[in-house]
Amino acid sequence: MIVDNALYHQGQRVPLGGDADDQSLGAARVPCDPGDFQWIGIHDPSPDELDLIARTFDLHPLAVEDAGDSHQRPKLERYGDTLFLVLKTLWYVDEEDAVETGEINMFVGQDFVVTVRHGQGIDLATARRDLEHRAKVLEHGPMAVLYAICDRVVDEYEKVGEALEEDVDEVEESVFSEARTDDSNRIYVLKREIAEVRRAVMPLREPMRKFAMGVDDRITAETATYFRDVSDHLQRVSEVVDNLDVLLSTAFDAHLARISVQQNEDMRKISAGAALIVVPTLIAGIYGMNFDHMPELHWTYGYPFALMLMVGVSLGLFAWFKRSGWL
Amino acid sequence: MIVDNALYHQGQRVPLGGDADDQSLGAARVPCDPGDFQWIGIHDPSPDELDLIARTFDLHPLAVEDAGDSHQRPKLERYGDTLFLVLKTLWYVDEEDAVETGEINMFVGQDFVVTVRHGQGIDLATARRDLEHRAKVLEHGPMAVLYAICDRVVDEYEKVGEALEEDVDEVEESVFSEARTDDSNRIYVLKREIAEVRRAVMPLREPMRKFAMGVDDRITAETATYFRDVSDHLQRVSEVVDNLDVLLSTAFDAHLARISVQQNEDMRKISAGAALIVVPTLIAGIYGMNFDHMPELHWTYGYPFALMLMVGVSLGLFAWFKRSGWL
Amino acid sequence: MIVDNALYHQGQRVPLGGDADDQSLGAARVPCDPGDFQWIGIHDPSPDELDLIARTFDLHPLAVEDAGDSHQRPKLERYGDTLFLVLKTLWYVDEEDAVETGEINMFVGQDFVVTVRHGQGIDLATARRDLEHRAKVLEHGPMAVLYAICDRVVDEYEKVGEALEEDVDEVEESVFSEARTDDSNRIYVLKREIAEVRRAVMPLREPMRKFAMGVDDRITAETATYFRDVSDHLQRVSEVVDNLDVLLSTAFDAHLARISVQQNEDMRKISAGAALIVVPTLIAGIYGMNFDHMPELHWTYGYPFALMLMVGVSLGLFAWFKRSGWL
Amino acid sequence: MIVDNALYHQGQRVPLGGDADDQSLGAARVPCDPGDFQWIGIHDPSPDELDLIARTFDLHPLAVEDAGDSHQRPKLERYGDTLFLVLKTLWYVDEEDAVETGEINMFVGQDFVVTVRHGQGIDLATARRDLEHRAKVLEHGPMAVLYAICDRVVDEYEKVGEALEEDVDEVEESVFSEARTDDSNRIYVLKREIAEVRRAVMPLREPMRKFAMGVDDRITAETATYFRDVSDHLQRVSEVVDNLDVLLSTAFDAHLARISVQQNEDMRKISAGAALIVVPTLIAGIYGMNFDHMPELHWTYGYPFALMLMVGVSLGLFAWFKRSGWL
Amino acid sequence: MIVDNALYHQGQRVPLGGDADDQSLGAARVPCDPGDFQWIGIHDPSPDELDLIARTFDLHPLAVEDAGDSHQRPKLERYGDTLFLVLKTLWYVDEEDAVETGEINMFVGQDFVVTVRHGQGIDLATARRDLEHRAKVLEHGPMAVLYAICDRVVDEYEKVGEALEEDVDEVEESVFSEARTDDSNRIYVLKREIAEVRRAVMPLREPMRKFAMGVDDRITAETATYFRDVSDHLQRVSEVVDNLDVLLSTAFDAHLARISVQQNEDMRKISAGAALIVVPTLIAGIYGMNFDHMPELHWTYGYPFALMLMVGVSLGLFAWFKRSGWL
């Protein structure tokens, strides 16, 4: 679905045909003066829509094929004068400790930008509106749009990184709490989600580094500085999640050790508890023997004596186990 | 066995001698006009057949030795004007979670292509038929055949990757299910199959990257773009299986932790169950003592009292163990 | 808060306006003669203060944004003539085996230095005072200030490294002591703190290496030698903490093995202890049988004989378990 | 011991002095026509023999020192015009799953080859005889000898790799068999032997790659192709053993998991078995109580009733444990 | 303490002032003819001694600072014409499986060598004496001294490597012996000592490689060959200890598996032993029941029958457990 389509002249949105908010948006190419550019946004396009856009902007079939499929890895490709950038959008769903992934494909030509969004993630409409209020930036043309989207996407990555940091803190606390928690499931889920973040972040570093080094002649020294900032933030996220991953591995090892220690403690507790029963049972067995001559059996207080012997021995054992830490 | 042999002129198959489907295919070299090329396909060749082909197309003995043996690693070699490419074909057999491997060897000369297939895998006959319907592509000559086969082989890799993703999802579910499953065998098998995929994918990346960078003067800028696409898909598969491998390792660790936790739970359950027996046994022992003066023994309801004491104590213990999670 | 502001002329502090210790420090740019430079120090600045400084020294907004946020990674960036360096300061709190992290941001221009400190760490005021006593060094201008701060920060890293070495020695001793210590928590904490050190040290190596190689034309061969020294010390710290990390992993594995061995020993001890009770219980059971013809029951000393049999068998078992190492 | 010494002229062995099989072989240098070369083979030489050879062929003392000691790592060194290559020979002893290592040192000059063999491994005499039947190859001079030996050595590596693959298959089967096998010892031995193979294979890759790239002006494009083949086979072996190593690690993990699962199963079996004894014991205890009024005691069939109660309860428990998988 | 000081002229030691063994050695610079050089040796110098030497030979303060502190990492630095090399000396103390570390700092100028030794390690005095007997080598000037010391230090590394190989063999044997040994402590110690060797060996490889490549114009092609030999031996040691480290990790894993298997065996043994007691106890309980009609109780040989029943059942169980491997 084509969700927006506008011409930008000297950093200002130019109403196309009728109204900028016109819902009957077409994919037609708008004639541009030099320095102007057209930005068309599509969301979960049908093959036909993609095909129309491809013909309108003369996009390469291989790139269009990739843009139609939401399982690409982040990458930057150049087809003639047109850059093709695939970005993963990430967001965090706290209820499930889950990281979710969407995708943005961007075609950046000399005088046009086509953004193709799959799934959720950052709100490109808001991103566009924000950008339309910064004419100074928009004046730089299509590369400014590219920067603005990358910047916003990476800002979201940082939020996801922070959410995961909180989760890892919770895991850490749980592992080392006295409570017997089964943390392995949560550790597994977090490691899987961290791997998901990594798959978005790692391959994007090279394209951002290239932009920061001014790989394209449309990137001025000033623009490159801005891409260097994105690149730096990307590096930061990448180090954060790498660190979390290592922490989780260490926490998992500690969790394993704890399980073993707890089993040991349980075994001691159980054994001590058993001793409190079997020793009186032995005493009862002794006084259940049928010897003719067992003086205690004839004592007036023989029975209470035997009971107290049992209780006394058990209390003694209890004290001993308590002192030695088995109970 | 020589399975097909044809001349291609301006992207069109030219009937050789008699009929294209003629089963009495020979290995003879067909005289080519400039721009034309001959494509001969062999399957599980005998040494004699290979030898004949080698003499006909003047292939290097080292390459022919490799082509006759199906245990090569993927690689690209140049012998004079002829490229020699070894590809692994992969397919997935769902019943056994098994990845199977075949091999394709290709000799790509100025005006000929020799494909040598070992074992199963992609159906080269179908690949050829499909290609014959795309004259535009075939016009590009032998490199187009090379591309078409690489593209198809790598598409199969992606399917294998998806099948393995499903398997890993199943393992994940099984590991974290309440049921006591012995997942280590399946994890082992999957890791072994993933290693098999890796051995096919990893060494192929360099040849595809070389084609994408136009390492051969027969590769035009346009063709290179197509190889870049193959290279990109190969990278995607490689990242998918790397990720699966890491996930399986993490799942295995979680499985180990689960086994320990379950053993702990079993031990507690067993101990609690034992207590329900040994405590009444102690009571029975007490009333089996032979003291002269044991008032309970002479009570009219002494016996029911003792039985109810046993049941009462056991119920009390049961409730206590339930509350503390041991039962 | 602006904590100090001074002009340095030929390595000497020049009183600004009124008094060097004047608390009403402003952020105004002081006119400099060639070779002179101004050094202004800020601590936990408010956005307004940062903004004022940025306008005064014409700092790039992206760098200022980073300087206002204390979660940067160490890095070196160049904005026009101005270098922007982010450093992490580290210190060690022995009570909690904790490494703490602060941050210093430095803007180094042709004739000015702006230092922005977040949190604790090295005392920049003392660093400045020390430097003011070394006119020879200060004469080298802003790069000398940069060196002096880097040198001091890295010296602190080395102290942290030594403190962690002591901690690891303690862990090692604890793991291999006879006492049953739960070392996994401490090992976890130390590995986490070591990772914190690494995040400060690793990314700083590249900037220091660049300075050591004279990346900036303000760095003379002599100055480069001094940065090489810092770079070398940084490398030393990095190897120390890497080594500690590996040692901790190995110690953790040994800890796991120990837990298993101890559980094994416990199980044997418990079993041996149980045998000392159940064997006499069997004897008591035997003499509790109701056969008509059991000669021992009628012996005068049958009862003492039975008791001594119990004690004797238990002593025999005890000796046997002792000898075989089970008790 | 000097084991052979011959001159090769245009690919043909030239009888030296008397007889080619003459056992009184000396180390004398034979005058060569241009294009001819001398090949002398030594086995486990004494220091004196080595010294004599060194003086005869003017070999560098450092290389001679290395050639006299069989604990070198594979390497290629150039001393003036003479190449010095150290190769490890490997063979497999099936009875012990053992890989054994020998060593070949080769000095390759403009018109001579000196081969120094330590220990067993490939039969250089046979290698020489085979080569003498391929005059076409021998015509290429000393480099052809170098190639022929490398090729044969690497062929042996591939056989060792195959033998290890069989061993790993056996381990895999054993680990996942129902039988309780202690596979850790065998896995350890295999990993150690694999490391031994790696120490032979890995360092040889660089020399072979250099030859394949024609590092020496005596290597023609055609010869380089042959070294590329050796290099490729070496790479194949290296990937095979890497893969085996990873498989063994995974199999070891699965073995650990199995041990835990089996311990768990044992514990359940033991507990179930114990229940079959202690419950009847409780019943016996109850009917051993001395209450005045216990009706069952006076039943005519009280005793059989009690026995059947015991058996019945045990059978019930048995069925229950069977159903729940504990027995 | 200055331990030796001499002038070398054409490879010969020249008596300084009075006697070469004169204990009143000073640090004075001796005037040198071109080609001559002075070699002064210091051991555990005081700050004053170092300061005097520094002024005498015009050494850079940063290098002198490092030379005064024995916690440097191996490194090569150039300060003007003077090379500064830090080497770790290693030796092995068999009683404790311990590797000990000392340090040598060398300043190598155009016409002087200053060696600063910390702690024990190689005997520099002997090294000097040996060298003084090889005038041919000494003629090459200061670089020959540098080579001779590096060669000797690395020879010691190889001895340490061999001693560690023996230790690992012992560990291997112990782990797989039937005896229950607690090998984790020894494995830990060996891994720690291997890490110590690595810290000496790894960083020295780069300096040696640089010398072998003739990084300094005082290194002739011939000298470079000798440094290449040192570099090669260093590489050998490094591979030896890497291999040992991996072997120890694998042995540790096998040790862990063994502990688990042994615990399993213990548990079975204990359970079987318990069965031998509790089954007779049940029988005793049965004949301790108080039923009016229990025929066995009135048999003349009822008691012996019961005892023999107990013994018989126990023997049967014993045989069964033996056969099934539980005892």
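The chains carry the letters A, B, C, D and E, assigned in the order they are written, with residues numbered from 1 in each.
Following the convention adopted for this analysis, a contact is a pair of C-beta atoms (placed from the backbone, for glycine too) under 8 Å apart; a residue touches a chain by one contact, two chains touch by 3 or more.
Worth saying up front: this structure is predicted, and the values here are computed from it rather than measured.
K.L.:
Return the chains common to the contact lists of chain A and chain D.
P.N.:
In this structure, the chains that contact chain D and also chain A are B.
K.L.:
Once chain B is fitted to chain E on CA atoms, what angle does the rotation have, in steps of 5 degrees?
P.N.:
Resulting rotation angle: about 145 degrees.
K.L.:
Counting shared numbers against all numbers at the contact of chain D and chain E, is it over half, same, or under half, different?
P.N.:
different
K.L.:
Using CA atom averages as chain centres, what separation in Å is found between chain B and chain C?
P.N.:
43
K.L.:
Between chain C and chain E, what is the separation of their C-alpha centroids in Å?
P.N.:
Each chain's C-alpha centroid was found; their separation is 27 Å.
K.L.:
Which residues of chain E are in contact with two or more other chains?
P.N.:
Each of 256, 260, 263, 267, 274, 278, 281, 285, 288-290, 294 in chain E touches at least two other chains.
K.L.:
Report the topology of the inter-chain touch graph, choosing from line, ring, star, complete and other.
P.N.:
ring
K.L.:
Beginning with chain B and continuing through chain D, what order do the ring chains follow?
P.N.:
The chains follow each other as B, D, E, C, A, starting at chain B and passing chain D next.
K.L.:
Can you tell me which positions in chain B touch chain D when the two form their complex?
P.N.:
60, 62, 66, 71-73, 75, 77, 79, 182, 184-185, 187-188, 191-192, 195, 199, 203, 252, 255-256, 259-260, 262-263, 266-267, 270, 273-274, 277-278, 280-281, 284-285, 287-290, 294, 296-303, 306-307, 310
K.L.:
In the complex, go through chain D and note every residue touching chain B.
P.N.:
It comes out as residues 172, 175-176, 225-226, 228-229, 232, 235-236, 239, 243, 246-247, 250-251, 253-254, 256-258, 260-261, 263-264, 267-268, 271, 274-275, 278-279, 281-282, 285-286, 288-294.
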